[in-house]
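Just below sit the structures, each encoded as structure tokens.
In what follows, subunit A forms one complex with subunit B and a second complex with subunit C.
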Partner chain A sequence: MSALAGLKRWETLLFAVLLVVMTLNGIESKYYWGVGNFVNLFQLSIEKSIVALMMAFIIIGADIDLSVASVMGLAACVMAWTFQQGAPLPLAIVMALGAGVLAGLNNAFWIAYVGLPSLAVTLAGLIGYRGVARILVEDRAIGGFPLWFNTLGQQALIGPLTLSIVIFFVLFGFFALLLHASAFGRLVYVVGSNIQAARYSGVRVGLVKTTMFVGSALVAALAGILYAARLGSVRGDTADGFELDIITTVLLGGVSIFGGKGNLIGVGLSLLVILNLRNGMGLADITGNTQNYVVGGLLILSVLIPNVYQDIQNKWKGRKR
Partner chain B sequence: MTKYLMGVAAAALISLLPQVATAEEGMAAPGKDVSMVLLPKFLGILPFDQAHKGAEEAAKELKNPAALQFLGPTPQNSVAGQIEIVTNATTQGTKAIMISNNSGDQIVPAAKAAQAKGIKVVTWDSPIPSSEGEDVFVAQVDFNDIGKVMADMTLNLTGPEGGEFAILSASPDAANQNAWIAGMKIALKDPKYAKLKLDDIVYGNDESEKSYTQAQALIDKYPHVKVIMAPTSVGIVAAAKALQDEKLCDKVKISGLGLPSEMLAYTKNGCAPQFALWSFVDLGYLTYYTSYMLATGALEAKEGAKFKAGRMGEFTITKDPTRAKGLRILMGPFTIYDKDNVEAAAK
Partner chain C sequence: MNWLRRHVRPEQIRELSLLALIIVAILIFGSLIEGYYSFRTFNRIASSVAIITVVGVGQTLVVLTRNIDLSVGSICGFTAYFVGTLIANHNGINPVLAVVISIALGAAMGVVNGVIVAWGRVPAVVVTLGTLAIYRGVLVDLSGAKTVTTDSLPQWLVDLPRLNVVPIGDLDIRALFVIALVIVVIFQFGTSYLSFARRFYAVGSNPEAAQLIGLPMKRIVFVAFVASGALAGLAGFMTLARFGNITVEAGRGLELSVIAAVVVGGVNVFGGSGRVTGAMLGAIMIGILEQSLFRVGISEFWRDALLGLLILLAVASDAVILQRLNQLWARTELKRLETPAPAPAPGTPQS
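This part shows the complex of A and B:
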């Protein structure tokens, strides 16, 4: 029975999948088990991973933020544009983070205080913020940032780890505490599982939602700046389409799309599964559509397995009675 | 010990040999094990498949025991995908990476990391704009010539009275398309083309559907437009189809760069009476030869180096006049297709 109780935990399954993927990768490629490769594996998707952490809050809160990738692009473009106008880069970075906060406040206003569904509001954000980004940068690429900026984005900072990777781990620790060991975290779950009950029991739902959407946009803006530093130049289409990968990771991590369920350990494991899977396929010279196909299949399974499991469990209980 | 020393001496001699040869003309030494990656802008587009065919032909000729890897991202994920493939190829210790760059200068950090590990980075079809992280660029035709050919074709289609035209390009940061458009703008300054007026430049991202709607939007926005010039094999087909579907082919003509096999129907029915292209098979072949010779040390990426690329004959590495820095190998030439020769080329 205790073995079964262990098995039914989604995280255990993810961990098993991770071990299988890592074992297969090691057999498939002799380049897999190397420090350099593991740094690359994180670094190639680090911005998406950072944004996924805050996305977990939003989905647990029974909302969605489709505008994150556009906010990444917006922040990168605001930074590049401000820098190109002659401002020092640190000021440009502050402006970019400010643009992120504004985008988040805008999302939060319509969702938390006007009461529109987050799906619609952030879909509008996805289109609108991208539009602003493209207007700022037009059809150019803006680069030529100071050396320290590119170095921070591309070179190791502590041991073999880059700044982005360090930021990811710090944020992971912080968000895990916030979600699982703070009053705010409990409110997120309450809002996500039953918003009416939350309202009646005096939870300031509007404030919780505003905090989440502003936090999400601010983290996305930071990720956009890190992405610009990693690539050394910015275009209007920076981070275009990243939102789907980010949401995929969170859902695969066992966070329920209906809200109220999930945790950051699951999201972390899901990140590791997807990154290792993509890396392994890349090293085995499998790219493009096949990779998408495999990750898509994994997502369908992740939705299917818990549902089927629930069904079986219900039938089993019914028979016992 | 003596055996070891003799081995070292022999290796030293062998390593000297190609250098002696480059003083005259680089010759490829077949049969060396050189792992190579051919990286298109993205998968699933005919010209890139043709380049792959040409590269495979060269691989067979050079008897390279390492299989050529043809790896590419999806169009939706082109930038991140290209960077990921270059990074993984670097991890794998590949000897040469051949990139049709769709990532502008965003590919530079990954390409530089590859070079730092001794990997030869050769671009083809579309170069790295700043040329950083790139050994040499294999150019299909002179980029300024493309501009002139596009201007000529536009004037042919408007007739001597001239008129308005628009450009439907690929992605806004495709270095090759941008260079051709810049080349065309320079060509247009010639009084010969004084009666041509460029209305607008729009981008279809090399996606059929987006190119199709962009072409429709152009016709709506500029009712007097007479020619849509699409310097991309995806855009030109999509635009021709849009005009055919709207039954506007007698009013507006399509031209640009396209593949005969894809353009046959539209050239025959008058939607796209004239377009141009070079051989992508040859481009793949020449790129493979260049990269193989660079990776084996038979050729050095420096100005003035000469080499022989199999059936295509002799080439010289020169400065790239279309970029501020960077080296170039110029392939050429152009073929202009119309109703008289398109059918034969489409086969």
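This part shows the complex of A and C:
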């Protein structure tokens, strides 16, 4: 009961923050309330948003995947490299997705079957996959993709929405159903809240974890390809450091880093808060650097505030008694 | 074999095997590269190892308590840049004061991490991922895109990295490496013999038990983060001395090499086991790879991929092999205890 009320309160709080941010942005700049600006606001970090959806599964499952940004870079580099070797681009894209699946399988093998901590394994992945990307591309920038590819990444597809935004909304719907209305989704929560209990009640924990980590890497690979399409060129450091923003979004959305708690509505709201905050700061001429550390501060506060709130509540109860 | 089991602990085997691996690596590189066994190679590796080692010692303390400090790269860069600016503006500053300021600045940033982790009950990954961005962001904002350049620094600082502290024949043991060695020795002895430092192990290996016997858990975790920050600050000073030219990008990504060194060095990411000397061996292993690969003709782009693989293998061998060894050791110990002790003579008063 109290946990449910707490969750509800968190989402309400996010919604209130969102309204405040949007109102302030509207006052700050007359360009804010325009379809163009909203599309732009989504488009500018759409790849991170896509990856955040799957990251929510992993953190709810009481794991973490630090390697997502490197998998994004790896996929983009595999695609660019294959294309540069003379293969047609569709084949290169399939290769890139395949690289993502391999990276995910590698993570999953060590985490689910050898039983290593996901923090250590995906940290090795963060360094290692980025390393493979660098081996492929070295210090070059590979571009010159066919026109249709760049158009797909940059131009509107349906109405004012680009392909990436459409993919995001489709995936959001799919993942929301998967997490909240399917047996697999329940298993994710069970594994995240009590892995021992899950094992004893016959849940195939290894399989659930494998699905999550392969899914995460596959989605990251897809996001990496979309990112390459949007930028039009690929370098070894493509998507470097994106994991911070992605994890921040998920935690700010009320997903507990200890697992078992959180939902996609919260993650969606926190995405909107962060995007609007960044957009508003951008419109107010605040640099990307400042935006970065505001987001870093948000990350800490999103966990700190509930803790402090709980402390105060406990003290209050103690005094009453 | 029994003698071995009685006198060598599994963790030490882990370190010895890493040492063996280092020797094998040196032999391989030595046979592939002409003139590899030279003092130049030694100096080059030693100065790259020194900074990672110093930060790695602090990281070891944090990891021992089941936490992690991802903000060390930003702390190191922050300190390097600000102390660099300070020295550039006040060339007459006392060297000792400069070092003290570096350490204090780093420690202050460690205090922020420690307070939020220990008393705010926010997981260390979250806190230090946040402060990684915050410290770096504040640095970039405050710097106004200026850089510290070598020619604005006083001569003693520019000469420091080449300062030869212990000349053994042609072999130089240079100042930065000596600093690292001193830090390792101090902390190795500290964590082995000081009761306060043993508590890092207690907190990490069994938090519930540590809580029950009344250890000040929060204070211990806090101290670990402050130490990590302080050492990262010292490393910032060393970075300044080594490179001279410091941009706001200084130390970026250092946390990855450091955590790699600590993990390769056999410090358990679940906390509670691992040694400071292990972290140094890990740093040396990585330093050798970094400074030798490109000389074999393997492009430097391979470094990260190999590093990732090395971390994975280190963690896996920790989990799988060390567990087996521990069981083996425990069984031997059990057998020793089970052999019947000579029965007390009848009539001896029982106390």
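One rule holds for everything that comes next: the second predicted complex is superposed on the first by the 302 of 321 C-alpha atoms of A that agree within 3 Å, B and C clash if a C-alpha of one lies under 4 Å from a C-alpha of the other, contacts with A are read in each partner's own complex, and residues count from 1 in each chain.
Just so we're on the same page, a residue touches a chain if its C-beta (ideal position, glycine included) is under 8 Å from a C-beta of that chain, and two chains touch if they have at least 3 such contacts.
Predicted model only: the values in this text are computed from it and were never measured.
A.B. asks: Determine, for the superposed arrangement built on subunit A, whether subunit B and subunit C clash or fit.
C.D. replies: clash
A.B. asks: I want to verify the contact counts: of subunit B and subunit C, which reaches more residues of subunit A?
C.D. replies: Of subunit B and subunit C, C contacts more residues of subunit A.
A.B. asks: Name the contact category of A:Asn292: first (subunit B only), second (subunit C only), both, or neither.
C.D. replies: Once the two structures are laid over each other on A, A:Asn292 reaches both partners.
A.B. asks: What is the contact status of A:Asn150 with respect to subunit B (first) and subunit C (second): first, second, both, or neither?
C.D. replies: It touches subunit B, and subunit C stays clear.
A.B. asks: Pick one for A:Asn279: touches subunit B only (first), subunit C only (second), both, or neither.
C.D. replies: first
A.B. asks: So in the superposed three-chain picture, is A:Ile247 touching just subunit B, just subunit C, both, or none of them (first/second/both/neither)?
C.D. replies: In the superposition, A:Ile247 touches subunit C alone.
A.B. asks: Is A:Tyr31 contacted by the first partner subunit B, the second partner subunit C, both or neither?
C.D. replies: A:Tyr31: touches subunit B, not subunit C.
A.B. asks: Given the touch rule stated above, what does A:Gly236 touch, subunit B (first), subunit C (second), both, or neither?
C.D. replies: both
A.B. asks: What is the contact status of A:Asn194 with respect to subunit B (first) and subunit C (second): first, second, both, or neither?
C.D. replies: Neither partner.
A.B. asks: So in the superposed three-chain picture, is A:Leu304 touching just subunit B, just subunit C, both, or none of them (first/second/both/neither)?
C.D. replies: Once the two structures are laid over each other on A, A:Leu304 reaches subunit C alone.
A.B. asks: For the superposed three-chain arrangement, which subunit C stretch in 9-17, 189-197, 225-233 or 243-251 runs into subunit B?
C.D. replies: 243-251
A.B. asks: Intersection of subunit A residues contacting subunit B with those contacting subunit C?
C.D. replies: Common to the two interfaces on subunit A: residues 138-139, 236, 287, 289, 292.
A.B. asks: Can you list the subunit C residues touching subunit A in their complex?
C.D. replies: 68, 116, 120-123, 125-127, 129-134, 136-138, 140-141, 256, 259-260, 263, 269-270, 299, 301-309, 311-312, 315-316, 319-320
A.B. asks: Which subunit B residues qualify as touching subunit A in the complex?
C.D. replies: Residues 42-44, 69, 71-74, 76-77, 79-81, 83-85, 87-88, 91-93, 103-106, 108-109, 129-130, 171-173, 201, 203 of subunit B touch subunit A in their complex.
A.B. asks: Please name which positions on subunit A make contact with subunit B in the complex.
C.D. replies: 29, 31, 34, 36-37, 40, 44, 138-141, 143, 150, 153-154, 230-233, 235-237, 241, 278-279, 282-283, 285, 287-289, 292
A.B. asks: Would you pull the subunit A residues touching subunit C in the complex into a rising list?
C.D. replies: 64, 110, 114-117, 119-121, 123-132, 134-135, 138-139, 236, 244, 247-248, 251, 257-258, 287, 289-290, 292-293, 295-297, 299-300, 303-304, 307-308
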